[in-house]
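In the two complexes below, chain A is the common chain; its partner is chain B in one and chain C in the other.
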Partner chain A sequence: MIMGTSSTPLLEMRNIKKDFFGNQVLTDINFTLGEGEVLGLCGENGAGKSTLMKILFGMDVIRETGGFEGEILLEGKPVSFSTPLEALSAGIGMVHQEFSLIPGFTATENILLNREPKKRNIVSEVFGDRLNTLDYNEMTGRAEAAIDKMGFQIDKGMLISEMPVGHKQFTEIARELSKENLKLLILDEPTAVLTEKEAEALLNSIRSMSEKGIAVIFITHRLQEILSVCDRVIVMRDGFVVSDVPAKETDVSQISRKMVGRSIDSTANSEVRDLSSAKTVMSIRNLWVDMPGETVRNVSLDIKEGEILGIGGLAGQGKLGIPNGIMGLYDAGGEVTLDGVSIPLNSPRKCLDASLAFVSEDRRGVGLLLDETLEWNVAFPAMQVQNKFLKNYLGGLIKWRDERAIHEVTDRYISELAIKCTGSKQKARELSGGNQQKVCLAKAFALEPKFLFVSEPTRGIDIGAKKLVLDALKKFNRESGVTVVMISSELEELRQICDRIAIVSGGRIAGILPAAEASEEFGMLMISMVK
Partner chain B sequence: MNNGFGKKIRNFIFDNTVPLMFVLICAVCIPLSGFSFSYLLNEIVTRMGRNIFLILCLLIPIMAGMGLNFGMTLGAMAGEIALILVSDWQIWGIPGVVLAMILSIPISVLLGYFCGKILNMAKGREMITSYIISFFMNGIYQLIVLYMMGPIIPIKHSSIKLPRGYGIRNTVSLLNMRQCLDNLLAVRIGGVKIPVLTFMIIGVLCLFIIWFRKTKLGQDMRAVGQDMNVARDAGIQVERTRIISMIMSTVLAGFGMVIYLQNMGNIATYSSHSQIGMFCIAALLVGGASVDKASIGNVFLGVILFHTMFIVAPKAGAQITGDSMIGEYFRVFVSYGVITVSLIMYETKKRKNKSLVGQQLAQAQKEEAKAHE
Partner chain C sequence: MNESLADRNNYTVRDRVKSMIANFGLPRLIIAAFLLLLFIAAPFVGADFWTQISNTINRFSWNAVMVLAMVPMIHSGCGLNFGLPLGIISGLLGATLSIEFGFTGPMSFVMAILIATPFALLLGAGYGWLLNKIKGGEMMIATYVGFSSVSFMCMMWLLLPYHSPTMVWGFAGKGLRTTISLEGFYDKVLAGFLQIRIGNLSIPTGTLLFFALLAFLMWAFLHTKTGTAMTAVGSNPTFARAAGVNVDRMRLLSVVMSTWLAAIGILVYEQGFGFIQLYMAPFYMALPAVSAILIGGASVNKASIANVIIGTFLFQGIVTMTPTVMNNMIHMDMSEVIRVVASQGMILYALTRKTEGTK
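Up next is the complex of A and B:
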């Protein structure tokens, strides 16, 4: 190795590997980053960007899930951070997607949170440093310096709770900049909440940081921004670095192609149907949904009878908000009609009565009764909503569970969906993720709905189980003629079973294309209106 | 502009419903009770001296985001145990009060630490947990006072011992230290006795709380109180900070109880502490505080309003119904009522803020539709 500061990169990651319980999420990641260099990092959700940053930052979740393989070198020396605080003290700063600010504090107080300059006094001499009083003048001075360094003016005396959302983002950046030894700043989708003007200001401040010798890793879905500010672009897909080129030598379409990748027709649905002449079974007009992190704005959509419609898009763009809003799990407004009958929003029971079913993405929270048997899990909603599996006595005054019917139907689904279990009396908690997901589907199937929402049905399950789940959905659609709307962040799996795919971006429908369309077309739609 | 002013008034009323309600109740009851102004003033000043210190101890856990500290009862128990011991040792007057305060510190610290530890395991359910802890501790307190005082903890004086030879009597007289703090430096203005020394002690505590907010520890507590995760990410020791706030509150509650009892002049051994937490919290809420926000101003306003009602309600009740018991009933009913109403209003406000986001979304959509036309 050649010695000397000019040739030693600031950061080098060598052969980084990470798996979550056998599920490989990062494979052989190698890259270097020089002083003052701006690196753009892009990739679809689940490509491994966040995991990589978590490893670099020493987040607890990495250690709790068995650590990682490979080496991280900071200024030529191997480092291994066991907590984010150690990474911070080594000069690595990170601005997270979620705000990490105290709402009732001013910008100044937040910028210097837990690093406040202090004055000693008599009491603190006796009882220790924590009773030092804060030096407010010094605090203001330091906050001012950090804001100047950033190059975007925010009101340092304003409470965070009263700030526009963009200014909160800048407060976080100023906090990182106020750390004197900052060498590397990671920005995780910082422009997602900014207006165009603010985003431009942020790009300028990234440029000025870079001039001051601070290296920046810039994660964003807005590819134009990456091209305008970065020196180098790394594209990740499925845990691999698929491209690492200087920003000058690439363009938006090349990056988006690399992001969604894969040879184009290998996995697409072989039997895409054109159902545009079928009657509209559900019509959504001007729907808004207030689901935190998945806001939906002004969505209008027609769903044809008997089709499988996919809803795709990047995380946080609102695709999950659509089914959750319609099913009444989050505050929503607008008009939804099923077969011409209007469905009242904000009332889950009415939706179920209208023969709508929903397989939630939150299977442990909403989807399953974890401590009950599979029988109960499968039959419970049908029993509650439709009075199925009940024997009536005394003209319906007394209702008894029909244990036999419950047992039969559960056994049928266990064999149909190949649910791996010891029997229909096993507790749902004891099943693996993939099998739990199958139970969720069985539960929805048992309702025999006219219309089914399935949200992220394959999240966190292995490839074999994925195929089974997708096939089961397809079979259900074909055999019972049920209209299915499937929401997924994995474009490829949508393309495998859907007829049409709607892409949600910035809370709105960016476009609807037949599933046979090339994946780069979908890639362009995904980033078209990113907010 | 007129509209804006009307909105301001509406907001003011909505934000201060509880204090305004009490101003109304007092305004109706005072003339009905027929008490003279100087009598009322005298009573209120006495009760302010008696109670304010105790209520101030609630401010610190609220600052640390732990809600209303029903566990202040633990501090009250510590104060009582200290006072029982001091009165057995026959140390009277100011030295007795000071010694009792000092003695209560180690007991309070221990209890506060215990309570803080448990509350750290029950984040988000601090209020109900501290309420139940105070019931549990009441059992331990009774065990100590009823069975251990005598055989294990030496008690010499028979005047405070139960006739059977161990355990403490129902009431322990503090006649020899009764109002010794209040009477020292007391000033009479127009027939109203002002316990200057007690008020000075309260003043010092108020100054301490104001100063404390500006210390690093105070800043950390406020940060922890608003968002534990953010505070933890910034490197603040969240659990430790919360325990410290609990200990501080318990110690201050112990001091407060000593001041309270020296004013009363006797200890009701088995019941003095049992409702003190509830009355203090009710008073604080009457002053306009909420679960996550309380100021020194809330404490003073609360004590004045709550105790004015306490003084006048029985008499007013007797005037109206001819039954003086109705007033006593009224006190307890109102205390619980106030706490319930405040908790409900706290939740309503949270919900209201939440539905605001939805309204904004709908509004933005409407504007968009207009722009398209």
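Up next is the complex of A and C:
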């Protein structure tokens, strides 16, 4: 590995600041990157890694949200990219988490898309360069060179749509490498979709790029990979760089501590209860869930009656799949029993009948009837599942909506949960995110369940609303004795209200710890089985 | 003090007018104003005002049930029922079989409904099953279900072994005629009930009451548990599924309801019109119903009974009045041309409106 030796580094970022509408996401980011240097960038979801890379790459979203403060220097000269195209021509390449490949084209065609070598022909002599023919021989040669540079063999003639997912990732990398002026390559979680062997090959190809003088910024949750390939590791947390050290001087536990550790730990739940002697209310055995991006592989878990169990973990590790699978929203298998009675999977109705309730993480997609009134939103599931808020006529033959009962229950929850609205007849769409979330909770509370799944209850809502939502959940648990399972990607939030926290990693439970345990312990679990 | 109060009053009045316009919809307001203008213009160009009113109300009464048939599928999120001809065919089968079996007078109408019902339920179920397979493309598929079923029946009307002399071709003695008179059967069977006649004004009370009954039943259905579930399915199917509703079953039910209402709708239309029209007649029947409900203010996933009534009245009013007034103005028989221009123009306008409802 060649460390940057010349006096001017390849890339220097100075005092980068960025806020999204007053919400500070990056504060005073400073770092330099030498030629051929490999930089590992890690941090929890929402720590600001992606935003930083978007700034560097000149993505539209940055400009549309008011630009950023600070300076970017490329080879000593200040640059400011207003589009990714400018960044590309300056020699910066980026491989995104989502593939941007054309499925019906071959690897070669994708690698050289829009930069194909061309041959002139009669038609193009007359009508201009746009009608030149592609020089397939030359294209094959260039694609081959790029693939060789990468050091991992893929079939350059194969259609993208027929490739295994790992090869698609390599095609993207080859595309960046085929650009001759490439100086800096950003890899955003490239190994997330790779098998172990492919990941190893990728690391090798990063090493070989580095030897050829290409600097690499490598973003991943797999800390082992960072340590094995990077020269330097930067850890980000809440928009700050909290650590910038040579890889040799650090280890996995130190990095994970830096990633999740807060300076103040007083936020942890002050009343963690030990309910290990309580009876098991739900027992999950060998659960698998086929939820795209949140695959659950093999989860076994016992949940005690009356507790608040947190389920945490990094994004994409399967924590969201657990409630979605049990509630029948995605294909699932395994065994789930509630109070000793087996619950059939893949049937939302059966779960609701068994007195389970679920507040989905997808508020707008699953959680709400956006175009209907709050009354409908709150009362609908209870009406359909438990025949509440209905008046029976003709011996139950006609089940008439009881508007007054619906109005009353909605008003009750509006005042109990302090939902800000113009009245119970307002459309759910018109409420703010936090208030929509409260409506989702009210909907679940109205079912008066024995057991409640709450998925990402505070995603996308402000701090004030967050506290109200968490307090409401805690109150519901304490007063009605309902067992609550809360899934959240924010560890601190779980530690605030849960009794125990299970960490999901690689689609499995990596461990269960009391909420009072130190954050580093959870951090270690989070990355223990990352796949 | 007084001034500020007046100011505030002005403000609220202006505000209220604005919100009324917004609620009612500017296009609908323009159409209503145009219709009003036609009514005002009618006497001046020599068309009798009360006759025109009667015509409009009559045509409203013929068509309203078919427009009502749009409601269930809109509520369940299946979109506009362009497959209305399928229901109409069930109705036509009921009508022709009732006559074939020798029923006459009001009894033939009752029997037509009874015979049409199993056809509507069966065809509706098959159609609903198909629409559940192609979620997202309902309206396109529905259009072709309608078209192909009409074409299929064109063959069947010739081939089915009908024998009633009132219905088959005179020379061959087999195959149904394109137009069958309902005299002696159920011609005006509803319209004649409690009919009001004052000078040139005649109101088909019975037909209006029949429509009112069906509209009431629909309104009531939408207030039941099942109706609520149907609306929720249309509003957000994922939400409904997560709340334990069987989405496919709700959609199927809505399609069956819509098909059955279309069958009843065509029978009501026939009793008012006085003829059964076969072969290509049902081909374009879906379009006026679709435009009517859209003009009435419905969107692709929201529709109310008020939308049905207002829409049918505006659409039928324009289609009836425009040719009459124009003919009288320019003294030339252009009625057919104008009718086509007016009604197709309305459909075009109505379909451009449809995006407003989509999410």
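Definition applied: the second predicted complex is superposed on the first by the 517 of 531 C-alpha atoms of A that agree within 3 Å, B and C clash if a C-alpha of one lies under 4 Å from a C-alpha of the other, contacts with A are read in each partner's own complex, and residues count from 1 in each chain.
Heads up, the rule we're going with is that contacts are C-beta pairs under 8 Å (C-beta built on N, C-alpha and C of every residue); 3 or more make two chains touch, one makes a residue touch a chain.
Just so you know, these numbers come straight off a predicted model, no measurement behind them.
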Check whether A:L101 is in contact with chain B, with chain C, with both or with neither, and answer first, second, both or neither.
first
Of the two partner chains, chain B (first) and chain C (second), which one does A:W376 touch, if any: first, second, both, or neither?
second
Go through the superposed model and pick first if A:W400 touches only chain B, second if only chain C, both, or neither.
second
Could you say whether A:T295 touches chain B, chain C, both of them, or neither, answering first, second, both or neither?
first
Please work out whether A:P344 is in contact with chain B alone, chain C alone, both, or neither, and reply first, second, both or neither.
neither
Is A:P78 touching anything from chain B or chain C once the two structures are fitted on A? First, second, both or neither.
neither
Which of the two partners, first being chain B and second being chain C, lies in contact with A:E109: first, second, both, or neither?
first
Of all residues in chain A, those that touch chain C in their complex
327, 329, 348-349, 351-353, 358, 360, 362, 365-372, 376, 380-381, 383-385, 387, 390, 398-401
Considering only the defined contacts, which chain A positions touch chain B in the complex?
84-85, 88, 100-105, 109, 113-114, 116, 118, 124, 129-134, 136, 286, 288-290, 295, 297-298, 331-333
Can you list the residues on chain C that touch chain A in the complex?
220, 223-226, 228-229, 231-232, 235-236, 238-239, 241-246, 301-302, 359
Touch list for chain B against partner chain A, complex
211, 214-217, 219-220, 222-223, 226-227, 229-231, 233-236, 354-355, 357-358, 361-362, 364-365, 368-369
